[in-house]
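To keep things simple, chains are lettered A, B, C and D as they appear, and every chain counts its residues starting from 1.
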Amino acid sequence: MELNALYYLIPSLIMFACGVYGFITRRNMIAMLISLELMLNSVDMNFVVFNRFLFPNQMEGMFFTLFAIAIAAAETALAIAIVVNVYRANNDIDVRDICKMKF
Amino acid sequence: MLFDNILIYFVLIPMLMLAGVALCRNIKQIRAVAVVGSTALIALSVYLVADFLKAPVETAVDGMYHYSSWKWFTAQGLNINLTVGVDGVSVAMLLLSSIILFTGSFASWTIAQPKAFFLWLILLSIGVFGFFITIDLFAMFMFYEVALIPMYLLIGVWGSGNKNYSAMKLTLMLMGGSAFLMLGLIGIYYHSSADGHYTWNLLEIARNNAISTGWQYFLFPMTFVGFGVLGAMFPFHTWSPDGHASAPTAVSMLHAGVLMKLGGYGCFRVAMYLMPEAANDLAWIFLILTGISVVYGAFSACVQTDLKYINAYSSVSHCGLVLFAILMLNTTAMTGAVMQMLSHGLMTALFFALIGMIYGRTHTRDITKMGGMMKIMPYLAVCYVIAGMASLGLPGLSGFVAEMTIFVGSFQQGMADYLAGGGSLRLVFTIIACCSIVITAVYILRVVGKLLFGPVQDKHHLELTDATWWERLSTATLIVCVAAIGCFPNFFEHLIRGTFNPELFRAIAMNF
Amino acid sequence: MDYSQFLFMKQEIALLVVFLLVFFYDTFASKKALNALSGITCVLFGIYTVASFLPCVTGANATAFSGMYETSPIIAMIKNVLNVGVLIVLIQSVNWANNESTSVRRGEFYELLLVTLFGMYLMISARHFLLFIIGLESASLPLAAMVAFDKKRYESHEASIKYILTAVFSSAILMMGLSFVYGLSGSLYFSQVGGAIAAASSPMLICALAFVIAGVGFKLSLVPFHLWTADVYQGAPTPVTSYLSVISKGSAAFAFLVIMVQCFSAVYAQAWEWMLYALIILTITVGNLFAIRQRNMKRFLAFSSVSQAGYIMLGIIAMNAMGLAAMVYYILVYVFSNLAAFGVIQAIENNTGKVDMDDYRGLSKTNPKLSFAMMLAMFSLAGIPPFAGFFSKFFIFTSAINQGSIAIYVLVLIALINTIISLYYYLLVVKAMYISDEKPAIETFKSSFTDRLGLIVTVAGIILLGVVSVVYNHILTLAEHSSLF
Amino acid sequence: METSAILILAIPLLMFLFLGLAGKYLPHKWAGILGTCGMGVTMVLAYTVAFEYFFSGNSFFINEAGDRLQHVVFNHDWLNFYDKLTIRLGFLLDPISAMMLVVITTISFMVHLYSNGYMRDHHGVWETGFQRFYAFLSLFSFSMLGLVVATNIFQMYIFWELVGASSYLLIGFYYTKPSAVSASKKAFIVTRFADLGFLIGILVLSFYVGLYSEGNITDAFTFTSLTSVPVDGLTDTFSVSEGTAQVIRDLFQNSAAPMFMGASVLTWALVLIFMGGMGKSAMMPLHIWLPDAMEGPTPVSALIHAATMVVAGVYLVARLFPLYLMAPAALDIITVVGAITALYAAMVACAQIDIKRVLAFSTISQIAFMMVSLGVTRLDHSVALGHEVHEGLGYMASMFHLFTHAMFKALLFLGAGALIHAIGSNDYTAMHGLRKYMPITHITFLIGCLAIAGIIPFAGFFSKDEILTACFGHSTVWAIWMAVVAGLTAFYMFRLYFLIFWWKEHKVHDEHHAPHDQPWTMTLPLVILAVVSIFAGFVPFGSLVTWNGHPITGSGFLTNLENLNWSVAALSLIIAIVGIMVAMKMYKKENELPAKMRNALPRLWDWCHHRFYWDELYMFITHRIIFGLVCRPIAWFDRHIIDGTMDAFAAVTNKVSYAIRGFQSGNVHMYVWCYLAGAVLLAVITMICVL
């Protein structure tokens, strides 16, 4: 059988949905960051797939993906650092506990 | 060149006053600056009147003298100019404003924190003068708002009673009005010409006459209500009682004396001048509203016990009469309306000045707690009686000529409508408005009887003193002006009449 | 490839130079010499700001890297506006940067700040989504670090974690949208995207639009993507807050306009006009409604800036040069007004540590000059003539109505009615400072030279920018000659 | 001529300004002297002007046919309404205005003189505000003179308002007395209410004149033209330009056509204008202010509320008489109102204790006489008890009565003033039997009573007789009615006279506090006026004052006697004498008769004593209805509904802002939820709308 774009897009969408779901449900910040990674990766996949299947004669999507991966890495690194900060501040990383500022 | 035009100095002098007051060290210097400046303004406006009366007609552009226009924000798509020009009405209004400013600065002779107070007061007057000299929608609107906002601090800081509430309410309601106004003005701009060369200039808009009737129906209410709020039109008048009650003397004088006139002035200068069809077709709605506010204000004034509330409500009634007469779209009535503006401006200023002076002595404004002032402070009491007589339309004082002109004009219009099968609305409301002269008499005499005559209520009042020289000066000036209008009405009538000649004012022409 | 193309990026390069100088000084200077860092940075950046007004910078009108990067007078202008803002922020932040807790790390603060500014430049100039994303991220990620700058304050950490989480989430959404756009158009060049999306509004396109708007709306803090704003503004160190509130907002707004105009103008009427209407009404109204209740000045200004963003959006609706000019002008005025307010807040915070509106009671009696500056700022934000805010508001409304439909009249009417609510809460501050009769909570103090310098500049701007019409006229002429429309 | 005309108006005005501004720096004595002299000069000038008008035979004033003409001395534009209509202020000279000039200045001078004595107590201490009093007197004189010489209806309205104001000031002269204050307020407001009718009437007239006139309608409003309307057959004898006469003709031919509620607009206009007259002249039901107005100083009552201002209503109707002739309905209304008022006032006067109130009600009733006699005037040839009546006799009679009444009523009031000044109380129960102590006052008062009762040869007799004749000429019913009123008049006046000067001896506690005649300043006016009221009856009014200038009698000294309609005269004399007899029987000596009668008809007495409860009715209407049911509700509505709505907006905004604060929960999950929901909703809704 011949694989078309949908075979890749559907899973990436599912992945994205999982990421969103995870981000919204998990209280642990690390877990949330992981879900974020999922979302970003599904985006990367989208780009690659579109590029590969729809516009095979150019590489924009690929390049975007590369940069996106880099950016994702940077984001994660920074986020982790801040999480550590927060952990220092009040000895846990449950996101629901950091709502001192509200209304 | 900007400074060739005399009108600019009406804004320039206050600006110099502003600078002067800012540099002042003590209250004496501040008083000096205020008095000198406002005297200069009076001189200027008197000169302008004289000049206006003998100016040849050819020098006028669509009835506007000293017309000139300077580029301001004039990149393509938004040609905002600073356009100035005056006709009889503006001249009269400038005269009124400068007189009130003069007397007002005397009335606030011993105010606390004089520096800040006069800074704001003068800023307010800049707005007023600017509004009356400009004929460019943007500039008018800008000056209009410049005049509004100082009220907040003037009332809030120097006010009395429930000042926070009143100041906030006044500011928000007036700004609410100006929100509608702003939309209306921008709308007018975008329909100001058929060929895409939009303009903010009143005269050009009137000349182009490009606003379609449909749009007028939308824009006219916006602008009319926008200005009407400041004109204390029912049901948007409720800022006025509280605001006036809490405001310090000079501010009440300026606000009731001049600022409320901005409303009426704007109503005909912008709304009715630019949108004649709507003015004719929608007049009935506002006729009903204003007609109501004439009697409504008078009736509610009958049962108030706070002096300032009484005057605030009587202002609602009198300013209602102004708008009412303007809506008659009849030269006589509209002339009367402007005379009523002048007269009400002066006598209301007088009233508030006197109330302020009495309040400054007795520390109460409740007429049930006062009495026999005629015995205690005869000068102020006599002035009060005169003001009251002017307000209830005694011949020889300003009130009578204004009301008489209005009634004759509106009655003519009402009967004309009625016989032409145009419905009896104007007629009926004219007669209702006439009834207000009786009600006015009722509440004025009630106050005079309770406050000035009768036995002295409070023994402590017996050692109160009569007016000081500056108070005498400020009240006497106002009384002289009131009497001048009352005795030589023809002079003012000639001044004003020109504005409302049907060739210039299409709304009136259509009404015939 | 022709490396001379880099020469088009004059401002970026200059900024980079400033950055490097600061960086090297910070790295190699001796401990004592470091005290001069703030001064040096201000001076350097000041020189750069002034220099970038030179015609040789602003005159340029070119695209580089096969259309990835564009510069034009109006773009140079918006960058200059941001520069001015940043300069004021730098001046105002000197005091804060030199206090004992932050002085050790003050270098990082400046470097991060300059880097984010660089990112914003890229956002503004980008004509390719890759460059845009790079700019966006490098504008937002360092900010998270800056928000977390106050080690000692818990709020700072909370703010930064909230910021980073939501920011990354939104950038993920944004990139998702971009992937759809790519899928639809087969290119990431704005021009080609615009060409490819010709009035064909498919569900995918609409999703893409919604996601892109959401992603950029996050940085603009449009409702409902604004919820991070208040907490971050409150938690972040005040200089960072002022930086966030004006600079990043301004750049994002401009970039937003560019994207909307260049990529999606074809589906303006079908798709995103109404989205923007909804967002604008929501943003202005909700922002105002939240602002009414606030007592903490920074949080209060956060919500006020939310509603201001709504007004800025009106400039995009117009879709013409007038709108563009009005928006740039609005941003300029907004920079001055808001920074004046933040300047006062900083001065007071640095001297007394108080940020509550209730502490401002009777401020006019103890510190008349500060309260005067604050009042002008409030009036300008509320749009009261003769201060600049009035003009910017008036022009943005005028340009919006230029679009001419009845709907726009309704929209503007709602916006105008909202101005009354905003006037109410701005007046609350004035009331606290001038009217309330309690005894002052803040005793008289002498604010430092830099604070005063910053305030003088901003107040002068507030008073002059409006009445002196050259500024707006200049911007409008630039906008007319821009290649955007 | 012109200069003296101007001076007549100018002197009182200047006197007012001077005394008003500088008065308080003057010594009392000089203020009084100054005011009196000023008025004296004015009086002399007025006499010369009147004399010149009546007797000079100048062609301005009288034509070859011997008809008196209207002459406009001067007329200046004052306020220009529109190109057609302008208010002018001027000086019109014609029989009635000349006559009024004489009356006003005479009485005013008497009062000025009299007040020098009256406004200080027995120890010579001056009233506080003595100068103010003179200033107000001058103001009033100025306004009243301006009113009578008005050249047009607007000028009349202007001065009409001014006399109202000055009467307000004078009634409230004792401003520390609450009763005086409320009385002045009442007077002003009631008359103001009436003036509303006057104003609307003027507006109607002005509109119709404007509607049907091509040219300038300003002239159409000058009385010279309004009163020059040719009435069926009679050619206009007054000198007016044919053009304006044409305007007026058009006005009445056309605007008589449009009907409103069954009457022609002209009738409406005239009735409304008459309403103004009712207010000033205290006709029912607008009479209630006059009795209270007696709170003012007695000289003021004599001047304003007996002689001059209160007859302004009569004067107004007389001025516009030719117009009224065109609307007989209006005249009938005037007759009815007048007749009812006359009887009512006479009945009430019989049951008053306060002598000033008695006089006040008698004034009302006498003015009603004048009104009636105007109302019954028609031009058709008529017969009264066998003798034929000159057309327009009623008009002449009314003016005649106005003249005589002014004299003897002023006399009576000043006499009453003297009594009050001597006794220090207003009601006769404190007086009784004063004839020995105050002989001059007694005699002059008696003369006044005889004059008003209509005993030949005193002034009242002739005028009243003419009135009755005119009534008989019109309708016997009204004639009988008025005759009865005349009888009542005689009765209550003599009741008053006897109760003051007879009834029983006056108890004197110690000699040198005994009441005595007042200083010459007060007695001299009494004497003068007494003499006048004896001889005024012989003035040949028929040859001087008629509605259209035609003299209807000769001008000899005894004309009035020769032209008497003896049957009517006999009737009125008999009635008067009967009235006096009854009064004498009941009140000359202290006896039980009055008490008996009172007990016989208690209800009648109560109603008369309480003036038929009119005041109570008005109190109810004003306080319960106007204030209670209109003003207060409106004020409440304004505060709570209108203002409440405005506050509600603010309140709602606050409520909402509290309601939605939950979104800002501080929880990142919540934020992201909102974010996501926003993005998705944006997409979904757009899809629904677009696709």
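Throughout what follows, a residue touches a chain if its C-beta (ideal position, glycine included) is under 8 Å from a C-beta of that chain, and two chains touch if they have at least 3 such contacts.
A quick note: this is a predicted structure, and the numbers were derived from the prediction, not measured.
The most centrally placed chain, judged by C-alpha centroids, is B.
Just to note, of C-D and A-C, the chains joined by more C-beta pairs in contact are A-C. Mean C-alpha positions place subunit C and subunit D at a centre distance of 79 Å. Rounded to whole angstrom units, the spacing between the C-alpha centres of subunit A and subunit C is 27.
Chain centres here are Cα averages; for subunit A and subunit B they lie 65 Å apart.
Each chain gets one centre point, the mean of its Cα atoms, and the points for subunit B and subunit D are 38 Å apart.
Among the residues of subunit B, those touching two or more other chains are numbered 172. Shared interface positions of subunit A, i.e. residues touching 2 or more other chains, are given as 23, 32, 95, 98-103. Those residues of subunit D in touch with two or more other chains are numbered 650, 661, 664, 666, 668, 672, 676.
Contact annotation for chain pairs lists A-C, A-D, B-C, B-D, C-D, with touch applied as defined. Here subunit D touches subunit C in the complex through residues 650, 653-654, 656-658, 660-661, 663-664, 666, 668, 670-672, 674-680, 682-683, 685-687, 689-691, going by the rule given at the top.
Note for the complex: subunit A touches subunit D at residues 20, 23-25, 32, 95-96, 98-103. Those residues of subunit A that touch subunit C in the complex are listed here as 16, 19, 23, 29, 32-33, 36, 39-40, 42-43, 46-47, 50-51, 54-55, 58, 60-61, 63-64, 67-68, 71, 74-75, 78-79, 81-83, 85-86, 89-90, 95, 98-103. Within the complex, the subunit D residues that touch subunit B are 77-82, 85, 87, 154, 158-159, 161-162, 165, 168, 172, 175-176, 178, 181-182, 184-185, 188-189, 192-193, 195-196, 199-200, 203-204, 206-207, 210-211, 626-627, 630-632, 634-635, 638, 642-643, 645-647, 650.
Across the interface of their complex, subunit A is touched by residues 661, 664-669, 672-673, 676 of subunit D.
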